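In the two complexes that follow, subunit A is the common piece, with subunit B as its partner first and subunit C second.
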Partner chain A sequence: MSNLLDLLVAGLATGAIYALVAVGFTLLWQTSQTINFAQGEFVMLPAFLMLAVMHAGAPFWLAIILGILLSLLLLGLGFKLLLVDPMLRHGVLPLAIATMALAIGMKEAVKQFFSAEASPFPSIVPAGDVSILGRVVSLQSLGVLALAIAVVIGLTALLNRTSIGHQMQATAQNPTVARIIGVPVERMILLTFLINAFLVALASLLITPIYLAKFSSGEVLGQAAFIAAIVGGFNQVRGAIAGGLLIGVVDNLAAAYVSTQYRAAVPLILLIVIILFRPQGLLGRPEERTV
Partner chain B sequence: MTATGKYLRIVLGIAVIAALIVVPMNFNRYGLYILSQWAVMTIAAMGLNLTLGYAGQISLAQGAFVGIGAYAAAIMTTQGMPLIAALAVAIVLCFAIGWILGYPALRVQHHYLAFVTLAFSTLAFLVFRNEDWLTKGIYGISNIPRPNVMGFATNRPLPFYYFCLGSLGIVSLAMWWLIRSPWGRAFVALRENPVRALSLGIDTRRYTLMAFAIGSALGGVAGTLYAPLTQYIDPVPFNLSLSLDLLMMVIVGGSGFFFGPFLGAMIAVLLPEWLRFTQGYYLMLYAVAVMLLLIYSPTGILGILDRYLAERRTKVASALRAVAKSRLETAP
Partner chain C sequence: MRSGIFAGLLLATVSAGAAFAQGAPIKLANVAELSGGGATVGNNWKNGIDLAIEEVNAKGGLLGRKLEVTHADSQSNPGVARAQVQKALDNEPYVLLGPGYSGSVKVTSPLAAEAGIAQIMGGEAAELTQGGNKFLFRTSFGQQSSMPKVAKYINDELKAKSVAIVWVNNDFGKGGRDVITKEFAKYNIKIAADISTEAGQADFAADVSKIKAAAPDAVFVYVNEEESARMLKELKRQAITVPLVGETTLVGQKVVELAGDAANGARGHVGLTTDAPVDLVKAFREKFVKKYNYVPDHNGLKGYLAIYMIKATTEKMGKVDSKAFADNLHGLTIKAASEPGILMDVTFDEKGDIDRQGFLVEIVEGKQVVKQVLPKLN
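What follows is the complex of A and B.
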């Protein structure tokens, strides 16, 4: 029982990171029909950008700021202008395939220009344990969980409480009508790309200390985020959050109670079952698009 | 004009086939290995082209089917059974699994299908790696024998290359026939407009599943050739990246074009050899090239060619029309 509690906390912590990535993924789909198969690599890259800045002699805090700014520039603005905008007119599928090529390119670039080996990455949460209600819980798990929850709450508030958030929702639901009533649709779409870039940079910052920085680490992360997005509901931000947390917990429980060999299979089977029996996801509504 | 075009095409086809037979005769072992690999990958990509290019259903599981075929061949031939039996098992198995995997395609949109097939791909990899009793796990299966074809041993590289080439020829003919049959037209109708296809009386359910199953079965065929080609298999080559590679081959060559997979597989298999001087940068350059190609022409290289030919045809036609018109006007 006590073991179960530890697993739940660890699962929620990784799940919260998955949720950040999955939210970005659904945002891109909502506003510009972009299925980003490179989303996992998007999480992998910022850690290397930060490491590169640190290798140049900058302190960690500066590396974080520069890393996030570079991510906004490359993974937000660059991704939209150079790949999505010219590809979008060809339809959903060619764009999805182009992002697969992008994923390969990013992996290879990091492997060539940085290192094929895993590099350690400093944690922004100090190591150590705290005791809560007589249980020892790792500070890192708690810190990650707290930060991820704060970001998710902030994002939800942005989408639901502010004028910009409402304009983004309008853009997602019906771009034509949104344009007619004066929403700057183009700017809103760009904003979602920037938000996605910010979310993946943050996820990178949180998850890399746990799993090390490696060029191939995006594969697992990307898959977890896709599964989270679909299980929770592709067309709902809160669905993606719920899906992320669920996948994190399921992943950790499977590691403990299912054979280690087939641990990775459990979320996949969950995905197939959801797609077959509830394709709109646990919280999603069919054929409807909202942010 | 069209008649000479037709003859030109036949002559070109014969020349290419003759070159494929004659030129490799004095290739070394490695060159023949690469060419055989091209033939095998072309078969797998042709299957995916049927699913993706003609029927319009995305699949990220083709690599898994190649794996299933390869393991069927490896397990059965090392037990002393003939390759043809393994081929039959691989085709039936991949057809059945492909059929079942097609069911989600009936319910959900294309991108969901990408994820279902992606999940299947990873699941298949886990089975290859973990079921030691069947697949020998990470140690792999070695000493896979090469078959005797009609009394000829194909142990040496050149005969085995001809065996692969012959298989490619047979598969190509079958595919050529399939695409021109009512089935092939039904697949295209499905891709272009499923609702209209349904209203024209095409059983879209059955044809979607069929496109998936036949495409997957061809993946299995490629796998049964892959195992005796490398003579050693382990789970690593059949992970998700093979499925992605095959998808790239179809897209780069030109999805929905008969010769797309031939060209795409050639680029994906041969280009790394030619670009060896770029060392590790090859895959990066390839990825960038694919993105640029997709931006310019989402239907691949043959799509560019097709567009060019269509433009020229309209130009010629309008020129002829102008001539005819001026004749009419000058006529008394």
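What follows is the complex of A and C.
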């Protein structure tokens, strides 16, 4: 039982990071029908941007700020203007393939200009332990979980309780009608790209101290977050959050109680079951499109 | 004026000819893990090779001929390694260097043997030299040499009665796990948990939870460098306080750099360390740091030694003969007094395994501290 508590805390902490990344998947899909297969690499890159700033002599806090700003610029604005806008007019599939190419390009560029080896990355949560229900629990796990939950709550509040959030939802639901009623659709779409860039930068900040900064570290994350988004519901932010947490916990429980070798298969089996019996995802809504 | 330039060129040609009197360079081929999970291994190995070649060439080369090496990236993938080795052998190198991963050595060594080219590699899996391959040579101890020392240390010094084993599910990890399990049985040490992990694994939370539940007296960690660092961090995060023991990969320089404070207290047996209390090793470390601006791990030493193994063997033969190279290295003892580049006295047996002094180390405040020197057997 005590082992189960450890696994749940660790699984939720990892799952919360998956959720941040998965939310980005759903936001981009809802507002611009973009499936970003470079989302994992989007999590990898901010850590290297922060490391580059630190190598230039800046303190960690400044590196975080500059790293997030650079991520907004490159992974938000640059991604939309230079890749999504030109490719989207050719359809969803060419854009998806273009993001795959982008993922490879980003990995190779980091390998070329930084290093093929892993690098250490400082943690924003201090090391140490706290006692919960008589069990020693890592402060870092709790910190990651708390921060990720705070961001998710903030994002949900932004979407549901603010005018901008309502405009973004209107853009996602029907851009033509939204435009007629005066919603600045293009600006809302850009905003979702910037929010996605912020979320991946934050995920990078939280996960890299554990996974280490490495050019290939986005592969696992991207796949897990993609599965989480589908399992939870690709067209619902709350679905992506639930999917992320679920995949994090299932992954940890599978590694502990099934086998480490098959841990990667268990979320995929879950994905297949969801697609077969509830294609819209656990919390998603059925979507119909004209072709 | 024109005749002056011509005379200058002639003089330069004659000078170069004096340095490398017998013309054509000696070609070596290196296939290593320059990217992927083993990038730390491969890049250290490559840099060690380059440093040694630079030194040998600066002193007039080998038997008056310059050494040249080509580096190919196996991407830490045995399939790619095999293709790269085949390509390298097609160019008929004098000696093949690498790879570092045992799995890659396993699939490439038959190719080198078939070509009759000696292969000096970094793999440590016990089985590599047990198959009768007469062309394969180690640069460090195989698991059959190192694991008995680790098991003895856990029994005699730590007095552990139960141990959790964490190993990476590849040829290297499985080989180590099999040997240490047999050694533990000799001491009646119970295996509290037997945990296999995957190469390149990022999340060790579940594995450490299993260790926590098993409550062992010590944990034996046998995974590659980057995974070692992630494992140590997770062990610290989950407040595991029992002794953490490993072999070379747990206590390497890169692991210390990546794991930070979490590496403190980790102990292990190392065949090669730049913290060894040996003057020639210290001098090597200084040269390496000066050239590459970082402290190498044991793989840097392995790459460096590989070149001096070639130098000593070739000088003993008195000729560059790739077909006779392997025969001459078998049974050879190279003394550091006569060949300082070999750093410590070493003997190669008929299987290509080595006998050399080893070390028991502990990470203290981010540094490898040698606790015990284990002498050369013969």
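Keep this in mind: the second predicted complex is superposed on the first by the 287 of 291 C-alpha atoms of A that agree within 3 Å, B and C clash if a C-alpha of one lies under 4 Å from a C-alpha of the other, contacts with A are read in each partner's own complex, and residues count from 1 in each chain.
To be clear about the criterion, contacts are C-beta pairs under 8 Å (C-beta built on N, C-alpha and C of every residue); 3 or more make two chains touch, one makes a residue touch a chain.
Just so we're clear, the structure is a prediction, and the values are computed from it rather than from any experiment.
Peer 1: Should subunit B and subunit C be called a clash or a fit once both complexes are overlaid on subunit A?
Peer 2: fit
Peer 1: Once the two structures are placed together by chain A, how many degrees is the angle at subunit A between subunit B and subunit C, based on Cα centres and rounded to a multiple of 10?
Peer 2: About 70 degrees between subunit B and subunit C, seen from subunit A.
Peer 1: For A:Gln261, using the defined touch cut-off, is the partner it touches subunit B, subunit C, both, or neither? Pick first, second, both or neither.
Peer 2: A:Gln261 sits against subunit B and subunit C alike.
Peer 1: Using the touch definition from the top, say if A:Ala170 reaches subunit B (first), subunit C (second), both or neither.
Peer 2: A:Ala170: touches no partner chain.
Peer 1: Which partner chains sit in contact with A:Ala63 here, subunit B, subunit C, both or neither? Use first/second/both/neither.
Peer 2: In the superposed model, A:Ala63 contacts neither subunit B nor subunit C.
Peer 1: Of the two partner chains, subunit B (first) and subunit C (second), which one does A:Lys111 touch, if any: first, second, both, or neither?
Peer 2: both
Peer 1: Can A:Val237 be said to touch subunit B (first), subunit C (second), both, or neither?
Peer 2: In the superposed model, A:Val237 contacts neither subunit B nor subunit C.
Peer 1: Can A:His90 be said to touch subunit B (first), subunit C (second), both, or neither?
Peer 2: In the superposed model, A:His90 contacts subunit B only, not subunit C.
Peer 1: Thinking of the overlay built on chain A, is A:Ala225 touched by subunit B (first), by subunit C (second), by both, or by neither?
Peer 2: neither
Peer 1: Regarding the shared-chain residue A:Ala127, is it in contact with subunit B (first), subunit C (second), both, or neither?
Peer 2: The answer is second: A:Ala127 touches subunit C but not subunit B.
Peer 1: Can you report the least C-alpha distance between subunit B and subunit C in the superposed arrangement, rounded to whole Å?
Peer 2: 5
Peer 1: Can you pull the subunit A residues that subunit B and subunit C both touch?
Peer 2: Residues 111, 261 of subunit A touch both subunit B and subunit C.
Peer 1: In the complex formed with subunit C, which residues of subunit A make contact?
Peer 2: Touch list, subunit A to subunit C: 2-3, 6-7, 10-11, 13-14, 111, 115-120, 127, 129, 136, 138, 140-141, 209-212, 214, 216-217, 220, 251-256, 259-261, 263.
Peer 1: Under the definition above, what is the set of subunit B residues touching subunit A in their complex?
Peer 2: Per the touch definition, subunit B meets subunit A at residues 58, 103-104, 107-108, 110-112, 114-116, 118-120, 122-123, 126, 129-130, 240, 244, 247-248, 251, 280-281, 283-284, 286-288, 290-291, 294-295, 298.
Peer 1: In their complex, what parts of subunit C are in touch with subunit A?
Peer 2: Where subunit C meets subunit A, its residues are 34-36, 39-40, 43, 169, 195-198, 200-203, 205-207, 209-210, 212-213, 226, 229-230, 233-234, 236-239, 254, 257-261.
Peer 1: Could you please specify the touching residues of subunit A with respect to subunit B in the complex?
Peer 2: Residue list for subunit A touching subunit B: 35, 83, 86-87, 90-94, 96-98, 100-102, 104-105, 108-109, 111-112, 219, 223, 226-227, 230, 261-262, 264-265, 268-269, 271-272, 275-276, 279.
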